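Two complexes, one shared chain (chain A), two partners (chain B, chain C).
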Partner chain A sequence: MTTEYHELLTLCGFEPDEIQQQRHRIETTFQRLNLVAGDMDRAVSRLRTYFDIELKGVRKVLGTWLKELIDLVMARDEGKKLIYYGYPPFQYMGLVIKKASEAVGDFYIACPEVILCETLGQIFGKLNPVLEAGEAGGLAPGHAMCSLLQIKDGALSLGFIPAPDLSISTSYFCDMGPKADELMQYKHGGYPVEFVDSCMDSPWGEWPAYDPQRIHYLGQQLEQLFSALQDRFGFTIDETIWTEARKLAGPLYAATFRLNKSLTADPLPLGAADAQLILNLPMGCTGIALKEGAEAIEIMAEELEKRVETGVGVLPKNAPRVLMGFPSFVDPALNRLIQDVGLAVPVHTTLLTPPPLPESPKTYKTLGEKRSVVAMHGGLYHSSFGWIGRIKRGLDYTDLDGFLYTYQYSCRPLTCNSKLMKEYVEKEIKLPTLLLDMDMYDDRNYSAGALQTRLEAFAEMLKTKKK
Partner chain B sequence: MTSKQLITAGIDIGAATAKVVILKGGKILSALVIPTGGSVKEASRLVMEKALGEAQLSLDDITSVVATGYGRKSVDFANHVITEISCHARGVNLLIPSARSVIDIGGQDSKVIEVNDQGRVVNFAMNDKCAAGTGRFLEVMATVLGTDIGEIGSLSLQGQKPCQISNTCTVFAESEMVSLRAEGENRENILAGIHLAMAHRVAIMGNTVGLKEEIVFTGGVAKNVGMKMALQKRIGKEIRVPEQPQIIGALGAAAIGAQRLRA
Partner chain C sequence: MEPLNRIKSLLADRPAQLKHKKTQDKKIVGYIPGGYFPEEIALAAGAVPVGMVRGGEHSAVENAFACVDHWVDTFYRSQIGYATSGDDPYYNLIDVLVVPITDSNNRTLSDTLSYYTDLELFVYGVPHTKSKEGRDYFRHGLAKTADKIAGLTGIEITGQRMTEAIDICNREKELLRELSQENQSGNTALSPKDYVLVNQASMLLDKGQFIENLETLIRELKAAKSGDNKKPKVLLTGSTLALGDDKIIDLLEEYGATVITGEFAEGIKPFQHKVEPAEDFMNALAETYFMERVAPAWFRPGHELPEHLIQTASATRVDGVVWYQLMYREAYKILSHYFPEMLKKETGLPVLTLDSDYDPAETGQMATRIETYIENIRRQP
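This part shows the complex of A and B:
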């Protein structure tokens, strides 16, 4: 099988000796995922069509995702204990657990569904069997059920990924994760689940203020999780561990910060499909992505700086610049389409800098409470108004021509606030806004042709306005 | 050649019909509509040939061809490709400069467009995912009721007690039609209910843009007088329909072609 995957892995920045050394792990992973020669060819074709593979940094990031996939699939075979967490993750939570676990053993900690999106979805275009297995298992589409959860269930059902030693299921953003985890717990051998409950129900206009009771409650839930991890695995999470864990991601964030500076240039040096690859590295992984992902992004940042110096861009100068809601995690064709219609995406909503905290976290006593304040202030876990307010403040200091609010149609929190988002941004910031109803995790739920007309019309509208 | 003498063509390849407008100095030399059929390329070639023949011109006489509609990328003789949203806005502005909102309902989609005094798009919304609120929805309902698509609008106006249609999903609404017929409901009342249900869908979409007067209704479905009345009833504002609502996209495309040449 070596020759079948050699081209793909080489394209993804694997060194020849690395392929040789990892041969058993690579082949076991691909066999387990039913990835055959035709899949390798399709993956190569997808990468050449949709990604900026002239950039070594892009190739290396793609390689980092493949290495994460291999580590995920092989974790149980290699004697590791597995802890999964949900998406969107509580900031630094995976890293903190990773750091704390180092004291007691070998753990693999990740959000597996995100890794599968970025690899079986983005790279191989072979996520449908996983989604279908999730549907067959009870997570039917159109039942207010995020397709990301179908991926997790489907991958467990197909034996693509091992059942975890613990799943951390969180409802500070959406309560469907815990519902789905309960179902999966029942179906897949009764693996343990720790539920972190919260409440994101707030009156319109409250953010950035919040009811202290909500902080106490979420803080207490996090403290319960820390205790459960101590009881189950014997490691401790405290302020020191939290600080050290943040340092683990330091190189990754520093590299991303460096790269982001190039994205302020006109012409824009990087397309939306390539930028998407970076977004989830610190959110979905705690393993090899921290080191190799950081190195890959540093390479990409350096390459982009050269493009900026020489005036090279992926779009002509003066192309309309838009803030994008959420890129697709699985469909590079859709992300690429945004670039192809002439829209430059210098930033995604999730990368907007949050406003400064109005109140010091030190006024709260426990670690859980202090982290809850930060999370609540980020907006996404607060309320619809919180998320809209956070984006509005981000837009205030970002030079943009429009707002492309791509959102997950089956995500209850995001669907609910989409109309509010358009109205509020257009009224308060006078920024033209296009709502693009799509599915970030399942490309069967939209028609690329219909989306193309909307995107092209939006680009035409912004170009005309810019003139 | 001065700008007044420039001859431009707009070609709008829709899901149901292919349209061409040939324009010279703001005057329509020819306008033609044919069914799109199975081949977009063939339809685009055929409709252009016929329109040129009507105007007694050849393709060499045309300075610029602008293609629009869902099949716009398949028109291999086009000089420019522009979305139907921009073209409908420009086409309406050419005919009715005071128009500020356009409702365009075609075979496979519907749109609400806010347009400024220069014929530029300010805002727009488009139907998502399904056939609710499109010409296809009406076609299916006409077939179920055994009625010609060209007659359903006027028949709907004869309905004295419009039926309450719960479903705007084309498939579910089809079975609802069957049930209503089985219950002995008359065709006119069913059709009146269908038109109101569809107007309701379009009005909801219009709310996301904000319907501002004057409102102009374009696209093939605008020929349906029942739909115009249902929309007026639901929106509560007067709606104007151009003489040839189907050709507005092609007209706008031809006008944009002329505008680009002058720039």
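This part shows the complex of A and C:
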């Protein structure tokens, strides 16, 4: 099927000799994922419709995601050991494990469901069979089950991705992730699962303060994970590794920082669908995305700087600027719609500038405890109030016209505080807020069409207010 | 049975009784009935513990929608509905609501009520893994709670007071266990619905009055002649069985089943383990209420609950298991997918899984499924 995928891969910034060299891996991957000629045509059409492929950087980022997909699918065939971590990851735990693994052997470490979202979702629009397999496999439809977990389970059930040698569960954040991991463990050969537990029991209003016992408990859980990684794979995780791990993604963070500076311009030079492609590179991947993703974003940043210089934007000058909760990880039509109704999205909640980090109290000795302090500070793993408070503080550093709080309806920790978020932000900082439940990982029930009316009304309101 | 009638009558009068206690400066401590709040702490501090165990009403679930999304466990949405309604007899009386934080669903309750109501909330965490560190964290939460309640009542929790409270609660557990044995042995002199009601009354009534009536009730039960024991016997288990959520038991009985009530995450008071005397009371409480309590489905790893249910089903020689879960309690829903296979493999017993959102519209479908299930059990050789 060389000719069929050639156009797609070329569009995604693959070089001809790269396609030739990677031919076997590409074809094996596409075959395993049941991607046929018609899917290639559809992908090309989606990219041309929803993404700013005029930008070489965007094309390269898309290509980076495809390369991560190929590496994921081929990892077991190529003799690698696999470690999966859940979403959202605990800080940059994937990178830490990656760094620690370098001294030991050949490992593939990633959050596979995110890679599938960005590729089978964003690029191919072909996640439905995976979601359906996840639903049939125990994460039932109609019960607000996390579709990201359905994707992971579905992909394992369909043989799209290999079962891992270890899965690290999101016990520090949600209840469904760990339980779904147990389900998958039960169904897919009993692979080991490590749980990093925490108790999100801070009372309303406590953040950024916290009960020191929370630090001891979460810290101990992290230390337990480090020990398990040592016992199972011989990894050593210490403060040096943790520091070095951050450097692994240094070029990626630096390029993103450079790009983000252009997003402060008016008119906004990049749409929400394209910006979304960057968000998960450091969150979901620890492999080729670190290098090639960084290069792609550098290219994109340079292209955007030129747009800013010449006053080119994806929206007219003075378009309302909104903070967006979470973009869709799978549906570029929905992300594109936000731009089409006239809303500029310079930043997402997860990219808001965090408040300055306090010095870790000297009473905390272990690496686990020190990282737990950072986790409390970040808000999301602290409490509902922590997440809301963190966003409120982040908004102090930005100049916005509104808050489009899109959130994952089936994520209990987010559902838990969705209405509170709107009430609190509107009351405390008088920022018009649209609360928009959505499914970031599944466009079957929350399509762009279904959300259009509410988005249009919100955009019109902000435009009128801005006049 | 007279003692049962007295318990029912006491339940009806309880809000008025509590109101009267408040005029005598008694503090009322409401708590979420998931088995993680030791009533001993409230009693030792001279307060009155009251489990917020009411549920089963769709109107309360609907009321909650003004404050919270739909995709939260039904029981917790109904608690939000009651608490924000302004006319709930118990929420209007409590001085503090203690919420042991077990998962995102009950965290939703504490956050929402903290923001939308004037209720005083007190939270502490229940870790999701049984370990020494988890137990220590739970113990830390209990100690904070004890300080809070003692501060509220102005009564110091002395060793003497705690010993007395533990003795009372141990006696109650002993009696609830005896009652459960009658239920499990198929003694039909007390209906399954009344068995559940009595267990739930333990979370609402004055301890002295409750224990006195329960002692008499058990004596009478033991003396009573049991009814027809040839009906299919099913073990009822699941996420939450609230006071007033009678539909499931009514339907099971209507279609001819004898119901044995098993483990629930909320709504049924755990009674299997007494608190052992110890120098460190908080350690003893943490041991019983955290380490020994059967771990609900959201614990990780989560093998304890299915193992316990398999063991109970075998020991009680039931003909099947009915898994009753409330909507959006994700850990139960997920476990309900693979637990039937585990049970079948170990015991050969079939499982019927039922979901409820306290919606009257679901009754018809539920009835059909129960009827079919019981019929299938009957036809088995």
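Rule of thumb we're sticking to: the second predicted complex is superposed on the first by the 458 of 467 C-alpha atoms of A that agree within 3 Å, B and C clash if a C-alpha of one lies under 4 Å from a C-alpha of the other, contacts with A are read in each partner's own complex, and residues count from 1 in each chain.
The rule we apply is simple: a residue touches a chain if its C-beta (ideal position, glycine included) is under 8 Å from a C-beta of that chain, and two chains touch if they have at least 3 such contacts.
Being a predicted model, the structure only gives us computed values, none of them experimental.
Chemist: Counting only touches as set out at the top, which of chain B and chain C does A:Y191 meet: first, second, both, neither?
Modeler: Neither: A:Y191 stays clear of chain B and chain C.
Chemist: Contacts for A:D437 in the overlay, against chain B (first) and chain C (second): which applies, first, second, both or neither?
Modeler: It touches chain B and chain C both.
Chemist: Mind telling me which of the two, chain B or chain C, contacts the most residues of chain A?
Modeler: C
Chemist: Who does A:F326 touch here: chain B (first), chain C (second), both, or neither?
Modeler: neither
Chemist: Is A:L139 contacted by the first partner chain B, the second partner chain C, both or neither?
Modeler: After superposing on A, A:L139 lies in contact with chain C but is clear of chain B.
Chemist: Let me test your reading of the model: by the given contact rule, A:K419 touches which partner, first (chain B), second (chain C), both or neither?
Modeler: both
Chemist: Where does A:Y50 make contact in the superposed view: on chain B (first), on chain C (second), on both, or on neither?
Modeler: The answer is neither, since A:Y50 touches no partner chain.
Chemist: Identify the partner contact of A:F385: answer first if only chain B is touched, second if only chain C is, both if each is, neither if none is.
Modeler: Second partner only.
Chemist: Once the complexes are superposed, what residues of chain A are shared between the chain B interface and the chain C interface?
Modeler: After superposing on chain A, chain A residues 409, 419, 437 contact both chain B and chain C.
Chemist: Applying the document's contact rule, which stretches of chain C touch chain A when the two form their complex?
Modeler: Spelled out, the residues of chain C in touch with chain A are 67-69, 71-72, 101, 103-105, 107-108, 110-112, 114-115, 121-129, 133-134, 136-137, 140-141, 297-298, 300-302, 327-328, 330-331, 333-335, 337-338, 355.
Chemist: Name, in rising order, each residue of chain B that touches chain A in their complex.
Modeler: Where chain B meets chain A, its residues are 70, 82-86, 109, 120-126, 128-129, 208.
Chemist: Can you list the chain A residues touching chain C in their complex?
Modeler: Residues 137-140, 143-145, 169, 171, 174-176, 178-183, 186-187, 193, 195, 197, 199-205, 211, 213-214, 216-217, 220-221, 383-385, 409-410, 412-413, 415-420, 423-424, 437.
Chemist: Which residues of chain A touch chain B in the complex?
Modeler: 409, 419, 422, 426, 432, 435, 437, 446-447, 449-450, 453-454, 456-457, 460-461, 464-465
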